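You will see chain A twice below: alongside chain B first, and alongside chain C after that.
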Partner chain A sequence: MEFLQTSLDGILFGSAYALLALGFSLIFGIMKRINLAYGSSLLLGSAIAVWVNEHIGLGPLGLFLVTITAAALVNIYVERLCFCPHVGKTGVTASMIASFAIWMQLDEISSQLLPQRTHEFPGIEIGSVEIFNLYLRGDQILNLWIAIIAISALFLILRCTRFGLLLRASADNPETAKLLGANVSRIGIVTFAIAGFLGGTSAFLILSSDGHVTPLFGLWSTIKGLVAMMLGGVGSLVGAVLGGLLLGFLEAHTTNLFGAEYRDISTFGILFLVLILRPGGLMGVAHYRTDRLAHERI
Partner chain B sequence: MALPQTQVGATDMLSVSNLTTSYGLIKALNDVSLVAKEGQVTCILGPNGAGKTTLMFTLAGILKPVSGSVQFDGIEIAGLGAPKVLQSGLSLVPENRLVFPLMSVRDNLMAGAYLRHRSKRIEVENDLEKMYERFPVLKQREEQNAGTLSGGEQQMLALARALMSRPKMLLLDEPSVGLAPKIVDEIFAIITQVKSEGMSIVLVEQNAIKALQVADHFYFLDQGRVSFNGNPNELENEDVIRRAYLGQ
Partner chain C sequence: MSVYLASILTNMALISFLALSAYLVLVVGEISFGQQAFFGIGAYVTATATVIFDAPVGLALLLSALCAGLAALLLAALTLRLSGLYFAIASLCFAELFRLSLLQIRLPLELDGRMTGPDGPEGFSNIRWIFDNNIEVVDFLSLTLACLGTLLMLLFVLERTQVMFCARLVGKDNILAQSVGVRPNLYRMCFICASGIVAGFGGALFALFNTHIEPQMFGVMLGVHALAYSIIGGLGAPIGPLIGVAIDIGLLESIRALSAYRMIVFGGLVAVLLIVFPEGLINPRFVNRVRNRTRPNVRVPQYLDWIWRHECSQGFLNPATSGRQGWPDRRKWQR
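This part shows the complex of A and B:
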């Protein structure tokens, strides 16, 4: 029973990791570049929302909307500055280093916005539910639903819309997509905006269940998102969702077994194991065998 | 440089004058002028590095020319960029096919009609059925990833994808490259069929003998310049090839 309870807690929390990893994976899949400033963009988005909340007051819905909008806007700013100028050139390292620099800038702006280290991030108060002796926090169930809706929306957009078709085409073969009339500059903006919405949703879910935000959230979410993405398989969206859930699951169990101070060590240990046994991540191998283009670009 | 003389009768669909394209300091195309007529196959021949693919990319709007003009169907398209060039009715089938390997055959074809999706949804669906009629093998492989098709099937897919944009003129860059002789014959049969339906085609080929069989007019490109041009009927194929590759 304890095992079930821990697994459930882990998977509920893992749904937020899945959103983080999806944002990373989307950017990597389409631009073939790692965005190191991703976590900091989410931090700044949340910091803006908290700042607005402290000055004029927002309800939970308002806080959510401001968080995801601000995160998307900051993400677009990062894209214009670090990624857009290098599209179509061999600027893989240039983009990554530029995003590292922007990471520092965004962290600094966030600290200026929220001068004391800890600020309240009001959550949604819902009582817990008990099913078959399993306790579920109400807000975490809500989080799971929000994550499911966001993930389904992303997959629907990619599968069923004209723009999704174009995004998949650009991820597959950017040069040819250009040939078929794709506006590469617009694809970059929309990709980063979608990643911002996903990441902003994730930030809201995580911060509202923590109840507070600190400037460390930027680095923390970059690492969690990257680890979840690598576990699942770099560039694979289904893999990102699985990786996120798996990370939540593993963290809950290692915390339960060894205590919170060993949580990250155990998680990284498992990541190393996965990377040794399946270097492309859990879902990444089949993907990479056929994806010659991605191979050349890494 | 004066525009070259071509047959009378058909109207000029594409006329290129004094086109120059550079990669940095190197001029890949140097003052190229040529004309492609409506309903005809105009063939561009030349050895490796002559600038054939550069010419195709410049016409399709991928590369920006340094100078010169490209008139297509009455409008100036030089330097407009790929989306606008495609919208004006000029569609490129790139060298080595370049299909989307991880997308289904159907999605590849739909991506070809990307610019028409919003306004003409039903028309696009109809065109898709027409492509399946013309290339039954694509219908069979509809849900398969394009990367799993054979070279010849990928070439058909690339051709069908280009036709999905309902072009007025097709630019074919080396459709026979890397294919077995029997498949090459099939591809050229399709080119002849597309031409007989009234499509104007600019064809780049290394396989000069095959290309001259379908061409109405040819240009020979050497080191970024048009070295000579003519009508395949006026010259023996062997003469063309001798003049072209041996410089006689």
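This part shows the complex of A and C:
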């Protein structure tokens, strides 16, 4: 019973990681680039919302709307400055380092907006549920549902709409897509805006269940999102969610067995082992092989 | 020279070691988020050797470079199959595992009435070599600069040999390198190991200079900064990473008046700089152009030189995946 309770706690806590990993996976799956500024763009979005809330006063709904709008705008800014100007193979490294520089910038702006160590993040109050002596936190169940809804919506957008087709085409081969009339630049903006809305939602949910926001949220969400994405499989949306849940599960069990100080060690240890033994992650396609790279060129 | 200026210059020189180690990994085409681990290994090994075992400082420096090199070799061997993002994340994991396990090592000692030894999050304090030998900051600066100068000279000599040439070819295009008989895995292992040695040496000097080290100093931010320095500076020549360090630390010190907003300015500046120079300031293309003016690189076989120049100017075989899109190179049509 205790094992079951720990597992459930972990999986529900992992829903927050799953939401973060989805945003990373969306950008990586489509642009084949890594956006290091993602976590801090979410931090800046929520910092703006908290700042507005302290000055004007917003209800929970207003806070949510401001968070997702600000996160989307910040993501568009990141795309314009770090990803749009860099094309081709050399662009992969350059865009990563540029997004890292913007990470620093966004973190600094956020800490200007949030001068104290912690700021209260007013959220929604949801009670716990008890089923067969198992306690489940309501806000975490909501996170899980939002993650599931987000994947379904993304899947529908990618598979069933014209925009999704354009998106996949420009991910596959931007040159050809451009020649066939797709506006690759606009597609990039819209992709980042979607990632921003998704990230804003996840930041709102995570912060409202925590109850406070600190300037360390940017680094935390970047690391956790990256780890969850790599565990699940790079570029696969279902993999990102499964990876997040698995990460939560593993963290809960190692905390239970060895104590809280070994939680991060075990997380990174497991990720390192996964990368060495099965580099594609759980659900990922292993596109790391030399022969595959050679095949792509022909 | 004031003590303040000397300590800033020493810090710049110490970070340059880390930037150069990130540069060595970038040359073979990998991105490492984990160089700070080798820096940390060097620092902790030196601290342990000089404080606990009373080793002479030269031996401690050698030992720490060796240990960091071995750790890097281990990482390279384990991640032989990985590349790109996978290698970057694997190296991040390696570095974080190192840092988090340091937090768990608690062996405090008392020597001459002072607490020392690795003590988890409190770190390793009282590394008193610099005080015991009465070394001024300026003297330490000249020691560090001498080491850095030697390293730079070695790298410049290496730059003129076929080894560096083939390594760059591996970094630019793995498959092309294989097809002309260059062994990518060998170069990868050797260069990652060398980067570990360089970082470990820098870390050793860092421990001696700082007299107190703690695991938090070797976080992700340190490694990513080092990476950013070599990307901003460019991968064309070993002087590139040093320029990156000088831009960052020099700029941060000069706009101290705007201290609250300096990261805002600096972050934006780096992003704009990368738009103008996507491969850094001293990029391989620029270096080739300078070399064309001065003298051709004659120490490598003609075919390798031709491939490298072609690869730098517009990409080989598949222009869509390598090199920057631009005006067609007229030389191609003339050939």
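One rule holds for everything that comes next: the second predicted complex is superposed on the first by the 280 of 298 C-alpha atoms of A that agree within 3 Å, B and C clash if a C-alpha of one lies under 4 Å from a C-alpha of the other, contacts with A are read in each partner's own complex, and residues count from 1 in each chain.
Criterion: a contact is a pair of C-beta atoms (placed from the backbone, for glycine too) under 8 Å apart; a residue touches a chain by one contact, two chains touch by 3 or more.
For clarity, every value in this text was computed on a predicted model and none was experimentally measured.
Contact with chain B, but none with chain C, is seen for A:183 once the two complexes are overlaid on the shared chain. Within the superposed three-chain model, A:98 lies in touch with chain C and out of touch with chain B [touch as defined at top]. Counting the residues of chain A touched by each of chain B and chain C gives the higher count for C. Legend: residue contacts after superposition of the two complexes on their common chain; A:264 is shown touching chain C, with no touch to chain B.
By the touch criterion stated above, A:175 is placed in contact with chain B and with chain C alike. In the three-chain superposition model, chain A touches both chain B and chain C at residues 173, 175, 290. For chain C in complex with chain A, the touching residues are 26, 31, 78-79, 81-86, 88-90, 92-94, 96-97, 100-101, 103-104, 174-175, 178, 220, 224, 227-228, 231-232, 260-264, 266-272, 274-275, 278-279, 315, 317-318, 320-325.
If you check the complex, the residues on chain A that touch chain B are 162, 165-166, 168-169, 171-173, 175-183, 287, 290-292.
Across the complex, chain A is touched by residues 60, 62, 82-83, 86-87, 92, 94, 98-103, 107, 110-112, 114-115, 117-118, 145, 147, 161, 165 of chain B. Against chain C, in their complex, chain A makes its touches with residues 28, 34, 36, 81-82, 85-94, 96-98, 100-109, 112, 173, 175, 219, 223, 226-227, 230, 234, 261-262, 264-265, 268-269, 271-272, 275-276, 279, 288, 290, 293-294, 296-297.
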